[in-house]
Amino acid sequence: MAEPAAPDFDRVDLLNVTRRYGRRRALSRATLTCHAGDIVGLFGPNGAGKSTLLSILSTLVAPSEGEVRFGGQLAPGLGDALRGRIGVLGHDLFLYSDLTARENLEFFGRLHGVRDLAARVAAGLAEARLTERAGDRVGAFSRGLRQRLGLARALLHGPRLVLLDEPFTGLDDESVHLLAGRLRALQAAGAIVVMATHDFETADGLVDRPVCLREGRMRALAPGPERIRERYRQALAEAWT
Amino acid sequence: MQRVIVPGLLAVAALMFARAPYLIDAAPYESTMGLVQKIFYFHVPAAMTSMLSAFVCGIASVLYLWRRRPAADHTALAGAELVVVFGVIALVTGPLWARKAWGVWWQWGDARLTITFVMWMIFVAYLLLRRFGGPGSEVMSAAVGLFGMALVPFVYLSVNFWRTIHPTTDVVRSLPPEMAWPFRWSIVAFVLFYAALVLVRVRLERQRLALDEAYAALEE
Amino acid sequence: MTTALRAAWLIAAKDLRTEFRSRELVYTTLFFGMACVLVFAFAFAAPSGDAIAGVLWIAVLFSGTVALGRTFERERQNETLRALLLAPVERGAVYLGKLIGLMILLGGLELVLVPIIGILFTAPVGRAPWLLAGLLLSGTLGFAAVGTLFSAMLSRVQSRDILLPVVLYPLTVPVVIAGVEGTAAIFAADPRFDVARMWLAMLIFFDAVFVTLALWTFGAVMRE
């Protein structure tokens, strides 16, 4: 699916990762292991460090302490090609407002060296239900449509690690359903999905590894019969060491 | 070891500065400028120290950009601040001298003066970026430090070539031997003083960082 | 994986296509350049060859600063600069792509400004067109090389609009000296083409050093 030259991996490890900004600890000794087929949910209050964690996983931000390993290897050792295996949908969606939907996908596709570009772009547009709007300027799209296109852009090169920062924000019911379906398909295809979200309802049926973050500290939510929202509230109520 | 080196340097420098006026007084008068020329014994070493500091900052910046060691960052910051400090000394004494010696406050053709000014501006920019650049400003100012250092030969080249096209009254270039001794004495005094200042500033910065980390660890 | 050069060209082409759609940067930068020239026309009562050269270069410098700010402002919306940095290509490719785009924009600006200055100030712009073009090209490249690096670096900083000139202008002093002096040598009543050629050589040397330095540094600087 993805380009053969890029190094592949089936697990991602965060080992005691800390990220400091001056006096502030955005992330504190975070440890997490994700395997192919996992959908990891990051839950936590605003400012807890979810976006920082995703940035570190995307290799854009280096940890102040600790290690990030992709298939057992450190990021610098894997070079620029590693980024070809990572797909990111940020909070700001990473789309050019002045280009059309198709042009956005074509641009990023070419940049990532995607083969059969025309076919993949068409497929991406179809999956995002945006084929009729392919020739429209993205600046004119609603948030929901841009989100769908942003996701198509993030997945165009068939990444192994998919990082999503609050992907369900502003989506209507149909789009939420679509997105959940796509994430399940990714899971079945062996991708590693790490998703920060506040949408507990949707996360319930989707996330199999819920993790809670508070003030930079991380804690896996204990498995149990309750819904994620309950377990999350419980975890926040406790004192964390 | 720090406890010995810094006071040691300061003591030696202080002694040298105390002796300097006598040496300067004993030095011969320069033929055209008379007494005024003697400011040169402070002006030139200050300018040279400022330039030295620019290189210290530049090299430390390179180390910081590629290795991200905090010690490199501390040194770069100390270096940048001292470029500005010694630069001010040079930029104030320079015009004072120039006015009395040649009747003008400033000489664009004087490569030394121009380059001191340009370097001063670059490292003021370094400090402004450090102060107002928000998080991550250490890396950004390191880039400024690096480019500032790389710029030195180019400013020299361009000002010197400019001078061949626009000839101006010449600066005293050659140094008669009787003047060389107090001049070198002055340079050594300045450099020792500079070294002491750098060490003190680096230590201060290191302590500030340790304080920040302790503060952050407190939240653990 | 696409090669670095191909990626750079893709980015530059994308910038040009975006610009062609709205033509916002082209129009505004061009008129800003002309506004500068207008102000200088009144600031200098009867400019000599030296001063006219200065007017041209300051107009280029100011317009260039504005264009740099706008180019990266575009990448700041929707954080597309991060998306570019996430591509599996050398970081230097992103730098190069932005540089090429900026050079094309500023080149177009100069093509318009030079004749206008020739007319407004009766300057002998046609006297040594290739030499003048060489000076402008290499000088603009020197300015853009340093400017693109610092503008990209500052794109996430709040006071980027004022910090960019504060950092950039001192660093591009040799470019301005060489550019203005070389141009003045051509415009002078008694033109010295050999002098202009020397300045051109210096500019080319500056470009070689600083483009290389910027390429080396870009990755390290953009890494948080």
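For reference, chains read A, B and C in written order, and residue numbers begin at 1 within each chain.
Criterion: a residue touches a chain if its C-beta (ideal position, glycine included) is under 8 Å from a C-beta of that chain, and two chains touch if they have at least 3 such contacts.
It should be emphasised that the depicted structure is a prediction, and the values quoted were computed from it without experimental measurement.
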{"item": "Identity of the chain that, by mean CA position, is farthest from chain C", "value": "A"}
{"item": "Chain occupying the middle, per Cα centroid", "value": "C"}
{"item": "Gap in Å, rounded to a whole number, between the CA centres of chain B and chain A", "value": "49"}
{"item": "Length of the line joining the C-alpha centres of chain A and chain C, rounded to whole Å", "value": "38"}
{"item": "Centre-of-Cα separation between chain C and chain B, whole angstrom", "value": "31"}
{"item": "Touching two or more other chains - residue numbers and ranges from chain C", "value": "223-224"}
{"item": "Touching two or more other chains - residue numbers and ranges from chain B", "value": "136"}
{"item": "Residues of chain A touching at least two other chains", "value": "none"}
{"item": "Interfacial residue positions of chain A with respect to chain B in the complex", "value": "20-25, 28, 215"}
{"item": "List of chain C residues in touch with chain A within their complex", "value": "1-2, 7, 10-11, 14, 17-18, 21-22, 74, 77-80, 82-91, 223-224"}
{"item": "Chain C-facing residues of chain B, complex", "value": "65-66, 118, 121-122, 125, 128-129, 132-134, 136-137, 139-140, 142-144, 146-148, 150-151, 154-155, 157-159, 161-162, 165"}
{"item": "Residue ranges of chain C touching chain B (in the complex, touch as defined)", "value": "146, 149-150, 153-154, 156-159, 163, 166-167, 169-171, 173-174, 177-178, 181, 185, 195, 198-199, 202, 206, 209-210, 213, 217, 220-221, 223-224"}
{"item": "Residue ranges of chain A touching chain C (in the complex, touch as defined)", "value": "3, 5-6, 55, 58, 60-62, 80-84, 86, 88, 90-99, 103, 107-108, 110-113, 153"}
